[in-house]
């Protein structure tokens, strides 16, 4: 079974290599001639033209930088839509937008081809170690055919159901969460540094306390479980006080905490609307309400 | 050696009980007569008056709700400042403000008493299981005397150095980080729910991917290490694209992601000021600059 | 000279009517048959088909709801691109995106037609009263031909120069400013209401003080003039104090002021980076820096 | 009738001078010996000690930098509380916090003295020209006695009613609004500059359009009037589109608009919760709800 692999960057190259090493008949292609040569030198089969990789392939995987690159390899005379056989399955593993993913699904359907959205979680080292986690969605038959390939690329997969682009929506949300946490860490480390504590020392404390206890997962579990009962917990009324004290400290230190300031206003709203005794994870109710979902 | 324990709420009660069970001569007190009676019924020594707990104590621990409560048990005719012996050490384990903590240090110094700030990490269940982590700061001699007591209350302690209130500054910053992450989780779960994925299913995906990989600690370590090299990593230019796509998806879903929107503007600034190729954790540079610390 | 007018909604209808009343040979069209009939009943010439309005027109004006509507009347067999003569000038007066505006410019150029972006400032009542203000940009010759028509539609026009889409960028920025101010007013009125003062009473105070003094224009003029000198003014150090006190009051009242909280963090950054003695309008420096423009 | 005037800075000096020139028996004092000498050289009566200004005064006005300065001149052996006669009225015209203002009211009441909060709107030039606007609150009798003095200092006054600190709450809210607008202007000018339009040119456009039309007051009036009817107006659904297009343009220009991004999320929430057809000023409903006030 011929397998086309499009995109051989930091992520794509180790993924293609893993499929090749696992015995798949991988025909790779990437836009850069230098990269094509480099991968060929490693013993991989790399085609000079995208069309050559696509012709006759049962599965085509793309791992590219953005929406524009995904559409560029799909449309036009040289594109996947034209050169993949009817009945082939396209798997987009890139992190692309929901609208672009939906558009790819429509285009492949119009060409009698299947489409699976399967973005990955993990950095290049995880790709090389086949330690990626993959979220995959699409029509049942396409998904069934994509599955063994996806399983060869990572530790496992989550199948959220729904239309293909749902997998991309989840990936983008997770990346947004990662960005929020990165920004939060940066703000708090800068604040700690201004209080005289080096980031390494602050990290040691966080490692031993919140991180060791897996607090992100714990709070997430409390939100999932409903999260509004404060018995034995940490009522929003007190959490509001604490964030207020952190902001007071930040003003005193001249070290802004803008995300914390936003969260303080959410807590203030929670308390003003009668949720002061809810447990901290009950804060999530507001996000559900703001999305028009009523009480989370 | 007599030990006064002031405040017997959800956190204080199990902590006092642990000290009592470990063989310390604990004289406890709390404002609520009902709670005093309940703890007494368990076999603890609970005084009717704060002064009786304080008189002759070598160490006095307070575990209270807020700044006002800490100051209320300290000042006035019946307060700790007046009734603790000279040379005693006050340990404030409450989560209080930096200014209030500094004020307590000054007041105890003026009364010839030591002061240690020792806020705790952990919820009531962790307090009961002696699984708290403690950040402690204060003058060397006071800290040396407080240390065995603190070690009897938890898993271990971090000593950041600096004046006593530094420990409270770190605790407040960590709580702010926790609040940011809680809000971020709520927003992302609401967004996922609007995309048709139940929070429990989204959590399963996060558990298997980012949380399993310990990404909070990983990003924190990258920030500590400097974090501006993008080789093998995730350049801010691409992270900006991803958060932008998440926001586009959020607009499409009618599910606001306000923290992610704030972070997008930080990334935009990072890219506009020449940091597009820095790795995602390099975002922290902005927070350091905004605090007047130059390049983090 | 035949003039096509596309889009007869709340804004378009009075604009087309004004051109008609001024003696122009207006051939109007709108998607809704009911609206076509209504305008015809008023004596206007309304075509059944877009193409009939476009054929032979020297100028075509569009006033539509969004990017999609602008593109829909432009492209395709029935669209303006196909039916306007070579040498005609399209004027887009809708509030559309910069990318869509740029795209229209390219498409018309490819069809040998001119393109002017000319978004309007004013609500329907101002459109009816020819009291609109218009920002117009495009190639010199197209602009010269559009100008008399634009002058017949409003009080006057601003010509910012640059490519056509610049006019849309400015319109969108102005609308964003309007949205910021609307949100700010809402937050402050809610805060005032929680302090016991009805919005009408608060407005009376603002009317007599800040609004009467034209403070928006005043601050804008100070930013334009450089804005960093605090002599005789209001140093950022004190402005930071005041916003901090407003936030303290808001916390006390349980009435969140999220925009003010964001601004407080900007001021904190300004003070932490050595700008505490700059006058309040000096805050704008940060926005210029964040855009990569150095000191504003 | 003797009148004490405390604080002779950029604002206080011209105010004291105006009262003196109007024939009042002003006994001034300020902390700085150099300023005392300078004002004396102008022919004003400036006392060497605060107590001398206060003794026997019927009214004492303070115009100082912050809460700490207001409390410093009030308390202690040399303070106003001790040296003003019973029955005198203290007028605090400084911009101070609500809690500090409430505290001053209590302290003066405990000393048998009246207290009026009367913060001013206007910069030093307005103070000199007696063009200040003043918000004044306090007990009826104190207010009645303060009123002629306040009228001699400005163009007029607003009496919001309620306890004295209400006047300070309103002043702080107005300053927060001013800060929001200043930040919004800075962001939009930086965005315009990145689009190639100098701030002066953008200001000219704003001056002719939104500012000329008094849009701040207009939106404020629509909020006061209820603001949720979109007929003839600008529905939130379209406003959301426009702010989204502005943010897209800002991303393209690499010119962050953080306040606009926050407002976009508010609009998204408004639309997700069924308010898409409300007029733009209907956005204020959310702020009222978040403050626990129900539908504004």
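Worth a mention:
By letter and in written order, the chains are A, B, C and D; residue numbering begins at 1 in each of them.
Note that contacts are C-beta pairs under 8 Å (C-beta built on N, C-alpha and C of every residue); 3 or more make two chains touch, one makes a residue touch a chain.
Since the structure is predicted, the reported quantities are computational estimates derived from the model, not experimental observations.
If you compare B-D with B-C, the chain pair joined by more contacting C-beta pairs is B-D. Two copies of one chain, chain A and chain B, form a contact in which over half of the residue numbers belong to both partners. Chain A and chain B have Cα centroids separated by 29 Å. Chain B and chain D have CA centres that are 36 Å apart.
The distance from the centre of chain B to the centre of chain C, with each centre set as the mean of the Cα atoms, comes to 46 Å. Residue positions 254-258, 262, 264-266, 268-269, 272, 290-292 of chain A are each in touch with at least two other chains.
If you check the complex, the residues on chain A that touch chain B are 10, 65-67, 95-99, 121-126, 133, 135, 155-156, 158, 160-162, 166, 168-170, 172-197, 199-217, 219-221, 223-224, 232-234, 238-239, 241-243, 245-249, 252-260, 262-264, 266-267, 280-281, 283-288, 290-293, 296. Taken in their complex, chain A has these residues touching chain D: 262, 265, 268-269, 272-274, 289-292. Remark: chain A residues 240, 244, 250-251, 254-258, 261-262, 264-266, 268-269, 271-272 touch chain C in the complex.
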